[in-house]
Amino acid sequence: MFMHNKKLMYTVRVAEPNPGLATLMLEQFGGPQGELAAAMRYFTQALADEDPGRKDMLLDIATEELSHLEVIGSIVSMLNRGVKGELAEGALEEADLYMSLNDGGESHTTSILYGGAPALVNSAGVPWTAAYIDSIGDPACDLRSNIAAESRAKIVYERLINVTDDAGIKDALTFLMTREIAHQKSFEKALYAMQPNFPAGKLPGHPDFADKYYSLSQGDGEARGPWNEGEQWEYVDDRAEQAAVDGGDGTAQVVLSADELETVEALAARTASDPQANPVTGADLGAGPGAGKTTTLVE
Amino acid sequence: MFMHNKKLMYTVRVAEPNPGLATLMLEQFGGPQGELAAAMRYFTQALADEDPGRKDMLLDIATEELSHLEVIGSIVSMLNRGVKGELAEGALEEADLYMSLNDGGESHTTSILYGGAPALVNSAGVPWTAAYIDSIGDPACDLRSNIAAESRAKIVYERLINVTDDAGIKDALTFLMTREIAHQKSFEKALYAMQPNFPAGKLPGHPDFADKYYSLSQGDGEARGPWNEGEQWEYVDDRAEQAAVDGGDGTAQVVLSADELETVEALAARTASDPQANPVTGADLGAGPGAGKTTTLVE
Amino acid sequence: MFMHNKKLMYTVRVAEPNPGLATLMLEQFGGPQGELAAAMRYFTQALADEDPGRKDMLLDIATEELSHLEVIGSIVSMLNRGVKGELAEGALEEADLYMSLNDGGESHTTSILYGGAPALVNSAGVPWTAAYIDSIGDPACDLRSNIAAESRAKIVYERLINVTDDAGIKDALTFLMTREIAHQKSFEKALYAMQPNFPAGKLPGHPDFADKYYSLSQGDGEARGPWNEGEQWEYVDDRAEQAAVDGGDGTAQVVLSADELETVEALAARTASDPQANPVTGADLGAGPGAGKTTTLVE
Amino acid sequence: MFMHNKKLMYTVRVAEPNPGLATLMLEQFGGPQGELAAAMRYFTQALADEDPGRKDMLLDIATEELSHLEVIGSIVSMLNRGVKGELAEGALEEADLYMSLNDGGESHTTSILYGGAPALVNSAGVPWTAAYIDSIGDPACDLRSNIAAESRAKIVYERLINVTDDAGIKDALTFLMTREIAHQKSFEKALYAMQPNFPAGKLPGHPDFADKYYSLSQGDGEARGPWNEGEQWEYVDDRAEQAAVDGGDGTAQVVLSADELETVEALAARTASDPQANPVTGADLGAGPGAGKTTTLVE
Amino acid sequence: MFMHNKKLMYTVRVAEPNPGLATLMLEQFGGPQGELAAAMRYFTQALADEDPGRKDMLLDIATEELSHLEVIGSIVSMLNRGVKGELAEGALEEADLYMSLNDGGESHTTSILYGGAPALVNSAGVPWTAAYIDSIGDPACDLRSNIAAESRAKIVYERLINVTDDAGIKDALTFLMTREIAHQKSFEKALYAMQPNFPAGKLPGHPDFADKYYSLSQGDGEARGPWNEGEQWEYVDDRAEQAAVDGGDGTAQVVLSADELETVEALAARTASDPQANPVTGADLGAGPGAGKTTTLVE
Amino acid sequence: MFMHNKKLMYTVRVAEPNPGLATLMLEQFGGPQGELAAAMRYFTQALADEDPGRKDMLLDIATEELSHLEVIGSIVSMLNRGVKGELAEGALEEADLYMSLNDGGESHTTSILYGGAPALVNSAGVPWTAAYIDSIGDPACDLRSNIAAESRAKIVYERLINVTDDAGIKDALTFLMTREIAHQKSFEKALYAMQPNFPAGKLPGHPDFADKYYSLSQGDGEARGPWNEGEQWEYVDDRAEQAAVDGGDGTAQVVLSADELETVEALAARTASDPQANPVTGADLGAGPGAGKTTTLVE
């Protein structure tokens, strides 16, 4: 179960309201790389993990991400505290209020729709969706997903740090960014403490296809590197060898029953196109007087 | 630019139609771990990457994923080829057709809405969304995201292989699964060919917080392991040291102008709750005759 | 900040795995009336509320809802624990596994995509979205929204209780259902402890329109009741008095500048339809031999 | 069935085009608290309600909300009528047109994508979704949801009134806002004309948990009020009494069959993490020359 | 403004409840080709159309589609009327109720979440979204979109007719299907009453590219027909002539300022991959004992 | 299978970076009328089409749209190349970077979230969704949908051309726009090469309803034209003839079993509203001291 302490995990000191900056911060509140996504990612994984060590770690970090969510949400709330009052109380002339709503980012939406309260949307106003969470219930995959997610969150914090000179916000963002680094380290340790972890799952790859690199993009700019060169790789750039690599004819087939076949043939016949036709079309009808019809339409 | 060869990358041989199985296969066509997500993930990364080697690799693999999309889509198409004809031609009695629509998965939706054609939805009928793509324009992050994505796709293919005994489908799925392993290897090589890559970006973490592990989930089941134990870690399980870790008071503050302050105070006063009240509520009004009102309502 | 206790708020005892039932339970995990929606609803409100009493209450209940999320997620996890292992280990024949995936609800998706782990989707497999949260940053509104949300959650739990005879699950669901009732009572008290709270906000309604009831749906089945009858209401059922109730002409107008007017007129002229035409259309072209064209198409 | 009268329910007089303001108005056209949401909310409820009085009321108000949708959409259309012509006719220099597209809100999107026509998106350009509708087919719940929805719509109109000084728009918005107040009153009457209505549904709460208030958020800022104080409440702030409130051990359990157990154990063993390991990780590999590896990697 | 008549546009007579069939019918209630999409498509177009004839037609048909929405919603409501009562009243044994919820389609979700009331979701339970509406505010385009939409709605009704033998439902569906045909005819007439209408808009195509057909998919199965053959077409199947058709070098370039260039080069250098490296990777670390490392990791 | 040529289909020459313009271009990258939607629309249709000619055409054009996607994505990438470097390298003062992020459109989101890389979102930042694709697996419908889609894409390109004076971008956009015209022509030819194609499908309309035009919107502004006038049409404007057009009573009915009926009646009784009540409501409780209660609340 969860408990809550009124103290934030990190003190939030904002120099002055700025609703435009607030909407950027929403990226880490209700955005794809934000703290809700992180918390829910780890929390849902924890519920199904059979390994007690990982389960404990996932719960520790999920709980910390919820605490981060509160920190970034508090920053948003402080940055919007001015416009929240002005709009609710009708405290400014209409034109001034209109301008204060349009001074950056999606502040128009966060003011009109959410009244300045932090909402679980990203910096474009798009509502958070669980489609952001890529957990699939396999620890070797989920840990890799977590590692990647932490690195992404680190970068989004870095970008946010780069665009504000409010010292208090910078401090809090630096704390949050640092923790993403630490979490990535934990997930890395957990991944490699499970051996083997590559490839994930139980089924091995097919040996005919595991070491091939298909050079499907060709022309000026092709390059070689460890990802397609070296003893691990067979480099296939002959176009003919890239198609139907199973040695078959490269078609798609299904065995239909006689009834099914008859029905499909009826469908095909009913909707067949006539390659010999040169029909008048809607485009011909609408192309205007000078365009010349393809053919004469006879009753 | 892209070109197309009529041959599939892998020949598709399906033993018999099965619309229920078809809807499972949609997971790798229009699902979050599917081939469109993979192709678009790498393709969009390629367009902005400044490194010629990675750019080439991303285009190679993006193009291969599009070719995989065609393979899995062809499987779906073959599995649905029976119901497609039956429904379009009205070839069965209504009750038989109704039953054939309800024999598994989301076949009712794929038949009624899509007529048996492969649609970019997952196995629950949820339309594909670019929210599945987590690229953020930083190569150290994006490569990690790709590594994780490939491992996830490998597992979903493994699950699909486990639930069908159609040999031709199993073959094609095994090919597709194997290629995900190979792609993961390429992305791993590319990540580590960029040094340093951890932490991503330029800003270093704050030394006070980089090595701490906050044990926020406590009670029976706590565990230690390399993710929170060892010389890299300082383990913090004292609840008091987990809050306001900056040494501040753990509150959120903002400096308001005098006008802003006045407005916020007006808002607060207008919407204040009275802690001494014991008001009659809507629940009281609706609780029924025997429930007893909290207080008498006097005009 | 948040902390976590390894103990659940309510012990979960599940009699046997049942992935079909698990997908129903997802409604309260990742569905619109579920616990994540509840937790996030109150948590985000708390961050911006200026009233210390309400803020405390919102944090108390938000934290409890997170604890409920853990309970319902644990039920899902237990119900899926069988299929999770079977699918990951490939422990059954393909046909048996296929059937076990299709025994109810969206178990095919929760197995293939999520491997049996609880996912933030509803019982139809639709990912959770913050569009479910209707908070707008006004306490008189948000409390009403919370009251309504709690009553809805109560009913969804009641429905779930009605469809399972697993005693342990019934117990846990009854606990969760009961807490929604208690939360509704708290929100009711908080709403009426703020006086006045109706109508929300500061602007009064326009007296000409505040007491009218427009009977816009007419015919057999019209009814009167306290919602449209009594001293509070003026009942308007004359169709003529229902349109343009401001006494104007009921049109929409805007004052354009001369340049704008000229441009709009050019647009109107360019895209004007000719009411006198009887054009051949695409439908005519495609209606088949016996259909007779509207007119002869002359070059 | 529905019929339409060419007259608007309220005459729309807009002083001059303003695409930036138009995008704010979209909040009540295609936003979560807007008129389509209201109309569809009541209309869908009406179709399934067994009570003739409520059914009639729901149809009356649904029809009025459709008429409101037309009013607010007409405002949007008038505000965009200038840019609509300019863009369609290419009537301005490119740079001027570019600037006119970027003068506020999401006017760039409403111009490029929708050509100035009103679209069912909110003020951030997010398409309307039925996820906004929270009806669940229980009248005691749905009426509460309607009450809350009307209060929210009232506030969003109030905010829009506060940000425009166009007298004609202000008039129309005031009408619309006033009607939301009237609708709330109707829904309130209908709710309390159904007795009892609290708690919704048939199942009573469990007496052990109905009157408890769990103080889960603790520390500076805790408060008491009628929502957690008084004879209706038992206040539980002892952390130990907040966990496993059923008196159990607070774990989650399921009874597995022998086969299931064996499979789960195989899964657990295969994916176990080694708590004694101190593995080299990907982060170690990428940490750069000075970072020092955790351990030596031996072939 | 809208008005409502209690009579349906078409009488609905359902032979018996069938929640599985109800969920199929939802496709035309809250699905992409359904009546809400149709109504909103035409209604929003009407609000911005400058042509009085089209505007009137769009309002006529939009109003009819709303009336159709009521018919199809009433069918859903009747089909669910049994399960609605059983679930709300808890009238069956749990196991019986569970089974009645799982007898087809998404009836489990429509019962648990919506209580049997018609909801604006499609037959897979996906909430309706305005992303289904493709209007862009140009009449030549929007009419074509409407023509296509009506033809699609016709087919979905045909499929629904094919899967039910309930005579009353068949009747009502046939009426609805027929009206889609009639609407398509109206939109066709309106399109061709506006001359010219092809291509839409004002800007002509570039003559070098207007008549070319690029045969980008090659191999067995290539075909010729009026869409790529005849005097209107220049067929380009030489791969070399398909790339960089402007005669340029086919690259993407931008002129950067000196500062920008320096920054981009710094970025490129910082994130460069080393093509000569053969790095140990995470996959190597996780490949297990027998896998052989690429290289020795030396401290 | 797909292959890739490093050369773009059309050379991209951008005069200078402009992130605000970049976000407008996203409309044709990840927007509803953009190139991904086009490519996926035709590609998925091709996989299920039984006609070899159409299948070939669909693959040709799908492949070209993918090549267009690369062109428009490259334009976005070039326009963002400046801000990409500045943000990643932290190359500007915070305030300057903040301003560069807010100079138009959604550049704040594309910078913070995507780092300047092209993302599959539209110009408002909304992620691409397969809900944009309206294919239903019937060629007569899908071709009409394609015709409409091409005309829409043409117009969005025209609008983009109208708002930029960058000659290189204008060139590339003109190429892309022209190709949409050519594709529309191909789809028109293919539609009319299939005869008959109207109405789509096999079932004929009901003769009683096929030629009627219901004038449901009445009042000033009614108009006649070929869409509702002429020998093809019977114009119905008598309100009485517009309802229950089947001659029935216009109600919705279902035959319930005795058990079902009893249950529904129990539900109706339990949730009945009392039309004679004049209950005190929540609005009364919250209306403030001067508002006057409806009635006295008696214990």
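The chains carry the letters A, B, C, D, E and F, assigned in the order they are written, with residues numbered from 1 in each.
As a working rule, a residue touches a chain if its C-beta (ideal position, glycine included) is under 8 Å from a C-beta of that chain, and two chains touch if they have at least 3 such contacts.
Because the structure is a prediction, the values reported are computed rather than measured.
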By label order, what chains touch subunit A and subunit C together? B, D, E, F
Return the chain pair with more inter-chain C-beta contacts, choosing between C-F and B-E. B-E
So if I superpose subunit A on subunit B by CA, what angle comes out, to the nearest 5°? 180
Can you work out the whole-Å distance between the CA centroids of subunit A and subunit E? 21
If you look at subunit C, which of its residues touch at least two other chains? 1-9, 32-33, 53, 59-60, 62-63, 67, 74, 77, 84, 88-90, 113, 115, 121, 124-127, 129, 131, 136, 138, 140, 147, 155-156, 158, 184-185, 189-193, 195, 198, 201-203, 216-217, 221-226, 232, 239, 242-243, 250, 264, 267, 270, 273-275, 277, 279-283, 285
Could you draw the chains as nodes, link the ones that touch, and say if you get a line, ring, star, complete or other? complete
Okay, in this complex, where on subunit C does subunit D touch? 5-17, 32-33, 52-53, 55-57, 59-64, 67, 74-75, 77-79, 81-82, 84-86, 88-89, 91, 129, 131-132, 134, 136, 138, 140-141, 144-145, 147-149, 151-152, 154-156, 158, 161, 171, 174-175, 177-179, 181-182, 184-187, 189-190, 192-193, 198-203, 205-206, 208-217, 221-228, 232, 239, 242-246, 248-257, 259-260, 263-264, 266-267, 270
Touching subunit D in the complex: which residues of subunit E? 1-9, 30, 36, 40, 43-45, 47-48, 59-60, 62-63, 66-67, 69-70, 73-74, 76-77, 80, 84, 88-90, 113-121, 127-131, 133, 135-138, 201-203, 279-282, 285, 292-293, 296-299
Residue ranges of subunit D in contact with subunit B within the complex: 140, 191-192, 195-198, 223-226, 229-230, 232, 273-275, 277-279, 282-283, 285-289, 291, 294
Subunit B contact footprint on subunit E (complex, rising order): 20-21, 23-24, 27, 31-33, 104-105, 122-126, 155-156, 158-160, 162-165, 216-222, 239, 242-243, 250, 264, 267-268, 270-275, 277, 279-284
Quick check: in the complex, which residue numbers of subunit A touch subunit D? 1-7, 50-51, 53-54, 87, 90, 93-95, 97-98, 101-102, 106, 108-109, 111-113, 115, 121, 124-127, 138-140, 147, 184-185, 188-195, 202
